[in-house]
Amino acid sequence: MQPLTNRAQAVNRAPLTWWERIYLPAIIGGMAITLKHFFKKKPTINYPEKTRPFSPVFRGLHILNRDEQGRENCTACGLCAVACPAEAITMEAAERLPGEEHLYREEKYAARYEINMLRCIFCGLCEEACPKDAIYLSETFAPSDYQRKQFIYAKNDLLIPHPEKEPEAYKKALGNRAGKKRSEIG
Amino acid sequence: MSRPVQYNPKVKFQGIPEGYMGEGFMATSFEKVVSLARKNSIWPLPFATSCCGIEFMATMASHYDLARFGSERVGFSPRQCDLLMVMGTIAKKMGPVVRQVYLQMAEPRWVMAVGACASSGGIFDTYSVLQGIDQVIPVDVYVPGCPPRPEAIIDGVLKIQDLVHAEGLRRRNSDQYKELLAGYGIQ
Amino acid sequence: MPIMSEDILLPEGAGEKQTTTLNLGPTHPATHGVFQNILELDGERILKATSTVGYIHRAFEKIAERRPLYQITPLTDRLNYCSSPINNMGWHLTCEKLLGVQTPKRVDYLRVIIMELARIADHLICNSIVGVDSGAYSGFLYLMQYRELIYEIYEEVCGSRLTTNIGRIGGFERNFTNTAFEKLEKFLKEYPEQLNEFEKLFKRNRIFMERTIGCGPISAERALNYGFTGPNLRAAGIDYDVRVHTPYSSYQDFEFTIPVGTTGDCYDRFLVRQQEMWQSLSIITQAYKKVQEFKGQEAEVYHADTPAYYLPEKKDVYTKMEALIWHFKIIMGETAIPPGEVYHAVEGANGELGFYLISDGGRTPYRLHFRRPCFIYYQAFPELVEGGLLSDAIITMSSLNLIAGELDA
Amino acid sequence: MSQLTNEQIRVALIDKFGDVFTEWSEPLGMLTFAAPKDMNLKVLQFLYDEESLSFRFMTDLQAVHYPDRIGEELCVVYHLHNMRDNVRIRFKVYTDVQAPDVFSTTALFAAANFMERETYDFFGVNFVGHPNLIRVLNVDEMDYFPLRKEFPLEDQTRVDKDDEMFGR
Amino acid sequence: MFLSIDLIYILEKLILIVIIVSISMVVAMYTTLAERKVAAFIQDRRGPNRAGPFGLLQPLADGLKLFFKEEIIPMFSNKFLFVLGPGLAMLTALMTSAVIPWGSKLELFGREISLQIADINIGILYVFGVVSLGVYGIIVGSWSSNNKYSLMGGLRAASQIISYELALGISLIALLMVTGTLSLKEMVLQQQEGYWNIVYQPLGFFLFLVCTFAECNRTPFDLPEAENELIGGYHTEYSSMKLGFYLFAEYINMFISSAVMATLFFGGYDIPFLDESTLPVNVAGVLGIVALFLKIAFFLFLFIWVRWTIPRFRYDQLMGLGWKVLLPLALLNMFLTGAAILFFDK
């Protein structure tokens, strides 16, 4: 068949020379390479003791955000559940009652918010879909466990610690982004 | 679009379920030695069907090196392995094969479902995919993620190690275990 | 206690049969998961092979009929999971073709960088697995270290390592960070060295050459007839490359050659993939240079200006009503999709990865068909291995780079 | 590079077969047409053999289910490629879902083997003359053709789903 | 005379046997660890390091685990042969150690103890005989497994060992022509006085080395096991300690082969550039053992190093190499040696 383009370039398939035919040069060359690696610095990360830095946009375990006064941001609009290709998010909305303004930022809130981590594929579409700055994926990977029922993460497990009641834990959740203003992070 | 929060500090973890533990304070030191040995010599059988298998390769490779836990002798013969790692989607066509492999393994055997597909079917809630391998074989540890990072897979292996360590020598003869297997129709 | 022969029920005619039937797979280590091959063996020579597939059939095409366009991206991740970005981009390009979205040059070049990285990640796995299946394991781990680096770049850009879900219709979800470019530079600097070393381990090693030369060959005519594409077709001697024939994502701006083989055997496939990795490296270098040439406002462009399909910025969503409405419309999949049908192909790591999308104007595709190169060329497998030895079949299988996810969809 | 235009292909086809073709269109530049289903093999053979056309590469073959088009519910779509001139065409045949018989093209394209099996598997199109028309992806015991529009996607045994609110 | 058996002599030999067998076992055990560690280092990894310091307890853990694993004997297999297989493999692997001179001698409790279990004058023939028996373990096990992969592994092992034994034997004949003795002890003594045999027989050594790789089923000749082709080859169906025996036998074989190589070509317990007779007997004995073990360690490392570097042959290529290359080379070597001896002796 004639060439279809003018960019074809045949690969080098030269037959073996006599020198190469006696097996040894390639074997010895290979052994030299492997010996070189023997003395090389190992890139291994001793995982449980040391961790590899995750990228700041890593898509791990979800976290439900609160605002500075500790009110939940989520308004139960349901966009995350719609966007979820795995249908892993279940939520029930409820109206905010008078006197609950310190708990919820919007008039509606998620009374129940569950994510099935075994279904979740960590695609990040929920984070993208959220119009209320409420759900984020974090740099924590979801830990393994022994029983399937353990993987339904309820609202309690997902909410970020309260910034006033548990300032320590809240700070930990913010990580090294604590102290930066929202606008700086963008 | 970077995010204002970084970690979820409230990761959930429940201890080893009942029915696994050794004989409590009755456990002899011999039993302890054996479970210690088992713990450090878990030979995995990678039942890698799709994406998670690729991450398992990364777990085996230089950066993560599963060998550190004594688990690098990846056997492909079910007779020789201790840990069945089911990685990737198991379709209904594959289900009987997984079960067969499990049956061929020698006791004590453990099963780890790696990734969303093996654990629950993941996004593939379809007519052709088994919604979790626990429909055909008992699973000891589930690793979420699609696919899980190598760290998460190692975390799963560590959980298995804890389980192996805690498990009594005689658990495999217990009524509870037999009941579990009978629940899956395994003699 | 020896078992008497009458205790064992033999199949009809087993006594006279001079051949062995061997079941290779689905859990055989070399089938990389999920292919079953029933081989009829005479000694170790394969007389007849019958392949069965479908062990991880996941009904992608059916799922796709229930999902708005952007939700199909995670599905495409799981087609050829060794190079998911190519699938993602292929899908976005298909959508853009249907929706009539024009992407800026910078987006094209960034896409090219990501796609070529994915091609390298895929080819390096394939080639090193050929090494593993021929018994040499170390080369595999040497190259895997650099795949980690590629994954780090992905992670920096999109937040995930393997199933990337990278890119959106119209561009990327965020701009590349400096860290990503630094890692890319590191990769460009270190990888060629390692690739050279890998070639030294295998390319002229007589044991490896004898294992692969003449193993699973296919002629150009047969390859075409079997619908081979990608490196496997090029190894047979046909310089067909979608990137050159129907350039997408500004591939026409790059200088690269198409490596072709002559006999289509495993060695040719190995060499073609090896050469393609070098070509990819050169394309990435060119693309990176072009990306760096964008200055000022232009250097911030990472998506097309299509408010109907690309999500508005988050801070606008929080504050502006109009942005919020668009946001809702896009997420709910209510933005207008023109009815029509489109076939778009990209050069996937395994060959022409095509998307045939029929839209009836609804929120989801009416029908979406993936042209999966693996699925099409796997049917040639029996023809490739018949007459060879068992070991040949295994090398052939790994050098075809069969990816179960793509094959079974 | 491309000397072969869509118009030429169209003229060549009409010259050869007369006016049997329907649905001529060019969505996004790709020539698309449909033919009566008995003629599919003849048309493909002509496209393959004719030197000026030489569509010798079968890119893709699958089917679409249109439940609303009574009498021609199933549409088998062929994508062909002429690599020399780099032209692609799309060719369709329609068939009745009650008697979905279409001639198999395996004799012409070896590539069609699995693709026809897949189409049979998904839609139940009966390819007459196919050497081994059995299911390829699904289990052999399956008694329906899952990609037809009337069949549900979900696995009916799933128990952990609870999304009445967003019931899809 | 006949009845007055030297009981202490028997005791001494028994103790020696126990020591040597257990040393072989320990060395084999730690060779498994070494294999894993060296493989890891070659591949830029760390290797097992959780069980004990630097993973030193890893082999113990593996052994203990295998010991307590369920035994599965497949249906439709010949149970007697199925159990016999690994036992035979282990036994033959250990038997060879009897004729290897592990050191010169030690003086303990006023007795002079020779560090060789049996100084039979046809030592090499014994080694040959036992090594050829070794393949029976594999064949018996593979046949009785009633598994096609196993059977293929067994067949490959049989044909491979038969083919390479020829070249091995002929390469040794050339060596024997140089040394003029079949006793291993005497060969070592000769080398202690003169040069190592490698000087006289470089080609012979090379052939011997290659054939030893084949005899031990090590890469590039590991076709009987060939993970990626035959899953586990002959031991596919084995679980628990029977598998352990097979894996162990391979490492013991490696150890013994290294010892044989060191003895035949590298002077055994001879320390280069040192006149042992100037040292006290015990010091010389201990140093000799150390020297021998260092040589063995080098060969073991070589085994492992090669395994993790090069790909394996295909079955027919392996046969071709054995019959068309190694055998003629061995014959040529024998011919040349003969000619040289004839020439120089005159």
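Some notes on this structure:
Letters A, B, C, D and E mark the chains in the order given here, with residues in each chain numbered from 1 onward.
By definition in this document, contacts are C-beta pairs under 8 Å (C-beta built on N, C-alpha and C of every residue); 3 or more make two chains touch, one makes a residue touch a chain.
Just so we're clear, the structure is a prediction, and the values are computed from it rather than from any experiment.
Minimum number of contact steps separating chain B from chain C: 1. The interface with the greater number of C-beta contacts, when C-E is set against B-D, is C-E. Averaging Cα coordinates per chain places chain A and chain D 40 Å apart. Here the CA centre of chain C is 24 Å from the CA centre of chain D. Each chain gets a centre from the mean of its Cα atoms; for chain A and chain E, those two points are 51 Å apart.
Centroids of chain A and chain B (each the mean of its C-alpha atoms) stand 22 Å apart. Residue positions of chain B with contacts to 2 or more other chains are 1-2, 61-63, 65, 68, 76, 93, 120-121, 123, 125-129, 146, 149.
Within chain A, contacts with two or more other chains are made by residues 4, 26-27, 30, 33-34, 37, 42-44, 46, 57, 82, 85, 87, 116, 119, 121-123, 128, 133, 137, 148, 186. Chain contacts: chain E has residues 42-46, 227, 231, 308-310 touching two or more partner chains. Chain E makes touch with chain C in their complex at residues 39, 42-45, 76-80, 148-149, 152, 219-220, 222, 226-229, 231, 308-317.
Against chain C, the residues of chain D that register as touching in their complex are 27-28, 30, 32, 56-60, 62, 64-65, 77, 79, 83, 86, 88, 90, 109-111, 113-115, 118, 122, 135-139, 146-147, 153, 168.
Those residues of chain C lying in contact with chain B across their complex are 26-29, 32-34, 54-59, 62-63, 74-75, 77-78, 81-82, 125, 140-141, 144-145, 147-148, 151, 161-163, 173-174, 313-314, 404-405, 408. For chain C in complex with chain A, the residues that touch the partner chain are 67, 70-71, 73-75, 77, 138, 142, 145, 148, 152, 155-160, 163, 165, 173-174, 179, 197, 200-201, 204-209, 220-221, 237-241, 244-245, 256-262, 267-268, 271-272, 274-275, 311, 314-315, 317-318, 324, 327-328, 331-332.
In the complex of the two chains, the chain E residues touching chain B come out as 36, 40, 43-51, 55, 57-58, 60-65, 68-72, 227, 231-232, 235-240, 243.
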